[in-house]
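Chain lettering (A, B and C) follows the sequence in which the chains are written, and residue indices restart at 1 in each chain.
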């Protein structure tokens, strides 16, 4: 490091960034705290001169608000389903990909494609694939088009079809659609990281295992997974971080109503609640919910780190 | 050591056969799995294009067609000519370019200061900035929304640019890259009387170019894909970026039914630039992503 | 278990993809390894010894040829079905398992009829551990062990399944000098006790000679000589083998055979009855010199180094290929170090004469000889445009390997830059970074110079004697061509020399193009002129002439 003679220069270079960071990064942290602990805070009223009482009222309200609890359940359910599925799938794909030569580059590129998409735009495509056109009510169904997914399902099972996302669709069907879309979206990043990890593993471990006649499954469980554990931890943690903040992908599928027609908010999440509150000029509640979200993510991350520490011994 | 027993009794021919069959079967299964995944990954894209080229009547058939009987290129034309999409493209591109350029300048300067210059409190300041990376973005959005309202920015274009100009993460990424350039080079430059900025321009930027390209592309893609913030400020701003614009358009025909083929054509048009960038900058995108783990 | 190699050949695709072609790593290797012996595969890096070992293990498949264990043809078998134990150069111990788990691992893989009970596995693991004396360390992790201990664990892991053949890849190269001596004795002992046919690979001739029953000397994929260590040392079949074995190394002189006598310069040093007149190399082992007042061989005395039992006389001779001649004689012979000249008689059984045949692909032109130049550290200046860049020290193969490793660990983007852009010709990254970066950046428009394509531009260097040499960097394997003629160097190009060979695998015979070496040429007008250049893959030069 070099001691610059002109210290003012450093500050000069820094000043624009520091001003922006102060306003849009540091202040929000303080401001969010203030808003969260000002009971019933709303900027509109604040500007009109109203003052707010300091207290835990926002948190109490959010924690008891049945819709928020429902959103929290949906969020957790999506996380718990998508993170393991996408991680295991990505691991299998990465391992298979790492063991082939012809087509590897092409497949790798294909698998990465979902990453470079607009999650709202492609959400519309998924939505179209699951969408049933016509009257789907159970008593008097008159269907024009079942949607390509149902067409495939009917080709396999005979005549079964499912109301995935249309009016009257069940919760589990909505969740299934979301899980499929989120996993599809999450795979590229996980494959990329895990494949990178695999490629940095010394090939000689695999050669040694080969000479010793180790079965493929055993190599995966006893060598690959332990050696990849730092990457797996990373992928799981970022997966949970993303999962708890799930929002845009749901908008992509279900639209801004966050649910099938006639049942808005059925798929809403914590982040959705934050923005809904914000749009309703309830900044206090939004802040409280955001802090709760932060606490959850922090806790899950710490737990993950703890678990991985116990399982990584080198 | 005991006598060696493991190998002698084995029938070489038979072992050899079993081993060949196994390895062939294994390879077939591996490829089958990988190709199946590839099909699953590609299917939505195929379906998007397939649907976008159909007439609404063909789209709504109970037995779907896997390639349109009548290829309707006009869907694309219609979507583009309906006015809004072209406007959205232009506006989003404009916002994306301005914010990317401005953001690059600030990021490079900031990273350079933190990597090379020395002043009191630098390390504390940097550590403080890093700590903010742990906080989910939603938390900033709330307050930033109230801030831009108060500052009156919410009614002009700057609201889409200014709040996101400096990303601590990109600063961090670039600083790490700058730090790896041997200090010796900087000393040599100082001895020669090279100014800091010239050194930055002549040595550091060329050496860190791959990272800078990665940041540029990710930032552009970020602007293209951003949804939440534009959606929040849209009512006051009165303008949309491409993503929330797309969602708003709705594509209803006269009878109030969604015209799916047109919608899919619009989605394809929105996705096309992303794919184009991906094809040309695959290496940089993948490298940047593997180091950042963030989308846009 | 005897191991038989029959016409074993391995061809790799060339690393230089654009140029195409292939490189023969191992060429037509036939050898029968007797049961229960310890065999050393010996040669400089890139000679194909590791490839041979990997082919025996089954990790690499031979392009053609066969491998037998006993009477069984195991060429097509996968490694696990061969019953080999392999110890890797860096041991490849699983870092997340304890020593015990590492040693147990191969046993737990056994299936079907071979499956062992837990008790038997443990018992065998402890037996193997005891054999290599690490039974006290069973609960530790590899990271908690010293290099020597890790090495033993690796051997135990290879031995525990009682392999038919034990293979060791550079087993001592990661140990320090003291441990190396100790461990090589250990390997000898373990091999004697287990009587498992053992093949090990090394580039250290002393290591191979000291413990092997037999050594195989290889160079560029071709076996040069096979035999008991002493026999190979006493009777090398070509100059390469003579130079490769022995410390201090053999002294080599330009010589001639004229009228039944061997001459070094004007001195007739040996009789060579019945050998036709020709240019030769004369190699004399350090212990092959006999002090004699009236000795036939005259050298300029430089210094005398006393080593106790022996003295080492350092002298010079105009015909020597090395700057100094080193001779070791019994200390009973008093040497007057004040004298200008020293005279020797040469012992016939320690002196070898080699034919001076070079494989050349072209006409030589006087005064424009180029040498194949890729070893030894040289100072490197690069000239580009009007500017000279002092880059530091020329990279040797080992430096490049080190640099590559460094770059992999992503220590420095500059190191990466070097490896990517210019590993074939550039300087050490540490010493002179600034000019090197500038050089690389300036030279980038001239991509051919840096990307391993066939043409390269100029660089300039000084050799150890301070003489300025200009050179063009090589295509593959960091070959550098050196000339003292700057005009020539400026125009230097290289092209691949390829050969079509037929490779038989099973019933199929395929014709493949193989890279044999590189042809360096310069242009005179439109005419390509090929200076004499000694580049070859796998040719056997400088055969010994038996007197």
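Everything below uses one rule, namely that a residue touches a chain if its C-beta (ideal position, glycine included) is under 8 Å from a C-beta of that chain, and two chains touch if they have at least 3 such contacts.
From a predicted model like this one, the values you see are computed outputs, not experimental measurements.
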Chain-level touch network, classified as line, ring, star, complete or other: complete
Winner on C-beta contact pairs when A-C is weighed against A-B: A-B
Chain nearest the overall C-alpha centroid of the shown protein atoms: B
Chain B and chain C: spacing of chain centres that average the CA atoms, whole Å: 48
Centroid spacing, where centroids are CA-atom means, of chain A and chain C in whole angstrom: 54
Mean-CA-position distance for chain B and chain A (Å): 15
Multi-partner residues of chain C (each touching 2 or more other chains): 78, 81, 110, 161
Touching residues (chain side chain A, partner chain B) in the complex: 1-4, 7, 9-11, 13-14, 16-17, 20-21, 23-29, 31-32, 35, 43, 47, 89, 92-93, 96-97, 99-100, 103, 107, 109-122, 124-126, 128-129, 131, 133, 143-146, 148, 151, 184, 187, 189, 192-193, 196, 216, 234, 238, 241, 244-245, 247-248, 251, 255-256, 271, 274-275, 278-279, 283, 286-287, 290-291, 293-294, 297-298
Residue numbers on chain B that touch chain A, as the complex places them: 26-27, 30-31, 33-34, 37-38, 40-42, 44-45, 47-48, 51, 59-64, 106-107, 109-110, 112-113, 116-120, 122, 129, 132, 134-147, 149-150, 162-166, 168, 171, 183, 186-187, 190, 196, 221, 224-225, 227-228, 231-232, 242-244, 246-247, 260, 263-264, 267, 270-271, 274-275, 277-278, 282, 285-286, 289-290, 293, 295
List of chain B residues in touch with chain C within their complex: 1-7, 10, 12, 15-16, 19-20, 23, 177, 180-182, 184-185, 188, 203, 206-208
Complex interface listing, chain A residues touching chain C: 202, 204-205, 207-215, 218, 222-223, 226-227, 229, 312-314
Chain A-facing residues of chain C, complex: 57-59, 78-81, 84-86, 88, 90, 92, 94-96, 105-106, 108-111, 141-143, 157, 161
